[in-house]
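Scrolling down, you'll hit the structures one after another.
Here chain A shows up in two complexes: once beside chain B, once beside chain C.
Now for the complex of A and B:
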């Protein structure tokens, strides 16, 4: 029912629904208006002013991102006045910006650099302000580096942290020439509520916020003949990596990725999917145990709903914001950390290696996983379980540095022992995936039958809606689980911490009657993680999600409890889910943290 | 001269009227539309800076869909050297309160706020007493209207109406994108009329004496009177209510020290008028008048020949560099560049022609800054640089 209005852009007529901005109308015409503070994931700020356009009859220019179209508007996106002003603005930004591009981590993928190059800013007439500023670099966090000298004050990070994550770790402080992006009390990011999710990194147009990289450390380990370097790759990496290497969003590159890792010199290329399946075995059993205690033993100390624990950004969030609810968390470590603990025990034994000769590297779509690997609890193998965590972006850098022509690599399979994956593990990379994987297994354990969904696709928990709910009725269970007969298992899925907050507030107030909730810190789940290729936006995440579900559909094993390597692991090493060895290696504790 | 006239001191604003109860109860007997028409025909324009017709402002909010609406009195007076709001609020607070209630009646708002400049905290107790008494009377005449004082944070930018609302909502005081305008979506996203203190007092005058009385004062486009804060090189600094439309020549004759070389009209965001243009400049709103400026805050600062205009500009730019909210590029970085730029020219580190580059930069700031603050830096910059170019260089 939305009305259409007519206007012209650069003399050409455009018809568009009411309520659209000039920027959207121009995009529809195939005209790109440069932007910096604008981001499709965020509310409009209108502060950088590079998107200004001329509206006939108005002396002042209008910010295209913030100005709604009006009937009869005549818009010029490239008049002399627009160009001159825009150029001025870019020049101004560059005077405040430490434009040391060749030494910048974002060199080659920086929106400011691109703009400067498009507008051919070749000289610097204005006064260089950088030497006059006391810019500082915060490199104390194991996950994220913040370099104020690269910041253009677009506030995308601030909006990201507030709107997508509800964390508000970053804020704007001071005014005038001293205005800057900082944290509460200007502490280091390490010392505030920051969850290390890296969404601010993913949304920053410049090199002001980047991941802490461990590229050199990994090269050194690979080069050390005394070290056996094992690498694991998370589910979401295989549907993101291609973008960083010039392929379309949504390209599935699992086999090429494995081939590349082998050529980089890793001694063993394994799959985090293996421990994702293992997580389902442990977590599924934990859920059923909690349900049994609650429903049969009437034990009211049992904490329900049970919440998933594989997203370390979410873990740090709940530790800060809802410390009284840590008992609701599953005690399962994340797949990365389960993997780490097994590599230096189970794998070392099977391969006859000294655990301290093993360097365990993981490739993650995530910056929070870097922090997680540093947690003092994560030394259960007797060593640091995961030595280095690289993001998808860092892996792409390794591949480029090694000069591999990614496109030409022939797909290769993961190595054995901890390299097998079910489709259920792959979908861990998408929001709702852990829930779906858990249901595929738990339902079958309880009823002896497959989940009653076509092709095992539990569509109600899929999608990009911020919070989704599903109920599965258990009918006709096998004898051991007879007490669950007729029980409606209530599940919820939340991704993006702002949605986690909504659900947790309901849990806190006792309004939520769920049994099981999946929480993912990042929008879209891991596929939209803070370590994934930049840019990110809803369309890109949608494509990655489609790729993940296609990957699941293409695998012959679709259920975690059918992963043969997982079964072998239980037989040879762990004995049974929640058993003693599991308890020691695969489960963990959480830490209460302050809000400030 | 039709377009300007002799300087005339008037006394409306501070005139002690002890019949505010009667004014209020009589005024709200009229229909809102009647009151809007009264305001429109008075041609009163906002005294805060932008000069938007007050009647139209009230009308727009009254036409916004029913529901919660607000009236805000902007008392965040931050212009250096001005304190007229303070004088009004301490001498004739009931005029402001009455006007707010009438505005609420017209616009359909039952809640008013006074956004009081942080430094004026000392006014709060007296003002609260006045509000108590006022609300008591409102109850008596069955007028549902409450007034709450909101203390400002001391940032100049919060005088900008949308930054002020952000600050009231507990957010950082940064100007918003417009549209939407406050009349559609203001405080808490609700339709809001926001007027500054002086504007409200003028509406009191209009409602009490009728629009004609007001309209008959002043000249075309600039009706009524205005408070001016006179400062600088003058033997009689202070606050004066003057009829709009006087020529600057007359003004200087009255307030100057005999050696006035320039007057800054409208404070830091206003214009500098040099001696040779005094007789062509009339003080009022933009319009047919020549060499005119908007009397933002009503600040009139006189400079005699002992003053360095370079220092004057330097001070203004220093002020803007600090008081810019810092969010938008042209204002935040532009102010730094202008300040450092004139210093560099003065030192000889940049050629005199660099001033032209800076003038072009102020043009960009005027076209592209997000709010009036950044847009108006060009005013003082270009009027000072163009009229006193020599002083900038040597």
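Now for the complex of A and C:
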């Protein structure tokens, strides 16, 4: 057991393990110390100083986030000196801040605004510096907007991009009053190594980094009587949306979400989970085909390990950083794009609709999906496969604008034809989920038996460890797959691009002997996506993950290959996995990009 | 390999490829090329296996590392408070008038670039400026005109 130390906070005794900061000790006591540059996901920067507290015997105030507790410390978190000093710090931040809150995207969910409101900053005692600054806005990326006039230079974004993602698209440039957060050579975000993952957006306390929103475009489509507007919702949205609408983290709101989407006026409310199941059919078959080629045909042009391809942030990352390994990627499109390609072909035909009258909207926990929908490869239906991508946060805005009392909505089911899904599809939203879903299906195809785990829960691939490995031994396969008898299928899971980097470096050096790797750009997988509610932190990710697995457990169909609508799709349209139609609509190519 | 790549590789071989080597490598490039181009920053990043954005961040942090093409003579006028109070603005006006360029610009003949800098440590003889590595202090508009005329004559530039 670690040693405990004793100190007092505002006169009350506190006992805490060694190695904790004053901020953590106060939190344990139920005292909230304001912070700006601090974030639970990141290393401590200690640059904003709003968290200052008084420590008895010390002249200078200390930053609570960066000061470790010591035996006998007497800490004041709310003295006159502390309050005045915090107020000054906030006032100074505001002198450089373009505080036009009513026109700001983060109005109502902004840490700076909240602080200014708590400290009632109602006057302006310092000179206003905003007019003297040459602030610029970068709105060229299809995913992210950056407005320097809202930036408080806390550097959370820079640390996010470096520590969680290992991308380092952002940096601090210049110094003193010219210091700013920018990219290489101050280029637009769309022209650098940025993966559009949106983690910086999710970690920014202000409106300086936000998603590019397509709210008005979607309202217009809904209002157009000539358009048939179809919406698909990603697995992770249903365990995040509630947070934006006042519910506890980890609330499962699938039925209410569907009800809300219907009331918003979408003509058909369908499920990305349907194409998640489809992805498993295609990707599982692709994996087994690659294994056969490698093990039986001894074809050394086959690239193993095979890597998953449903996370567009990860795709852009590997395109920039490991362009020589694009052959390792599964050729499967992401579920969003499979859905888009089918909606303007299969669905249009079944519903007797003109494809160009369909507007396809998707609700995603992700900002990279906005970029993905823009990719030139994503027009295989003959039209733009997905027209607009909204984040979980944008959907919440639509719901609020429509005046819906979310909590009172009666749960409703998804519409049919591309609305049915299995538990295997739901867990796509959590790190390890695609792997688990693929194993549930592939193992059964190969052996004719269910995966040997209690209740189909493949626990070794679950959890929040950055990189996880699992080995499944194939015994007694059916005749077609006899060559796999005794083969140990080696799998790995990585989430957060910094972990993807570790795994890819091993693949590159030839050290990794995996067959199959799941990569997710965001920490926690999609449930921690850049488009999910703010804040997102380790505890919240944990709750959303529990909700995802509970959702899986509650569904009657748990395996992708048992989804009746998917089986019907193959029977009526695709014929077979990796068939000709699939090849045209559901698979894609990747693009080599520059690392610098 | 082109000359820039060779230069950077040589510098990296000499100074190493750790974090601390970044600054000497950048200085080495500036000595040769007079400034750090986008291209040379990319090559530095590649050679050292570090993110390009970090190279840019470091380059812009140090005012002696130029990131734009400069003239033969870089004039750096101190903008810090003592110089500002002792008549830097008038000195600046005189320079701008004489060279017909604004702050941050380079003359069309690529002789002079006008920049600002932070305190040069010559506050007791403010206002101060640097032309390349030479310090000039206790400047007045007249004095600065004289200094610049000297540079122009040296280079055979006709003043009118």
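Here, the second predicted complex is superposed on the first by the 596 of 596 C-alpha atoms of A that agree within 3 Å, B and C clash if a C-alpha of one lies under 4 Å from a C-alpha of the other, contacts with A are read in each partner's own complex, and residues count from 1 in each chain.
One rule holds in what follows: a residue touches a chain if its C-beta (ideal position, glycine included) is under 8 Å from a C-beta of that chain, and two chains touch if they have at least 3 such contacts.
For clarity, every value in this text was computed on a predicted model and none was experimentally measured.
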Touch check for A:41: first (chain B), second (chain C), both, or neither?
-> neither
Answer with first, second, both or neither: which of chain B and chain C does A:129 touch in the superposed model?
-> first
Given the touch rule stated above, what does A:444 touch, chain B (first), chain C (second), both, or neither?
-> neither
Chain A residues in contact: does chain B have more, or chain C?
-> B
In the overlay, answer first, second, both or neither for which of chain B and chain C A:277 touches.
-> neither
Which of chain B and chain C A:168 touches, first, second, both or neither = second
Using the superposition on chain A described above, determine whether A:596 touches chain B (first), chain C (second), both, or neither.
-> second
Figure out whether A:394 sits in contact with chain B (first) or chain C (second), or with both, or with neither.
-> neither
Counting only touches as set out at the top, which of chain B and chain C does A:176 meet: first, second, both, neither?
-> both
Footprint overlap on chain A, where chain B in one structure and chain C in the other make contact | 171-172, 174-176
Chain B touches which residues of chain A in the complex?
-> 44-50, 52, 59-61, 63, 66-68, 81, 84-85, 88-89, 92-93, 95-96, 125-127, 129, 132, 152-153, 155, 171-172, 174-179
Contacting residues of chain B [partner chain A, same complex] = 155, 157, 172, 174, 177, 179, 320-330, 332-337, 340-341, 344, 354, 357, 360-361, 364, 366-370, 375
What residues on chain C touch chain A, complex-wise?
-> 38, 41-42, 45-46, 51-57, 60-61, 67, 118
The answer for chain A against chain C in the complex is residues 162, 167-176, 182-186, 192-193, 595-596
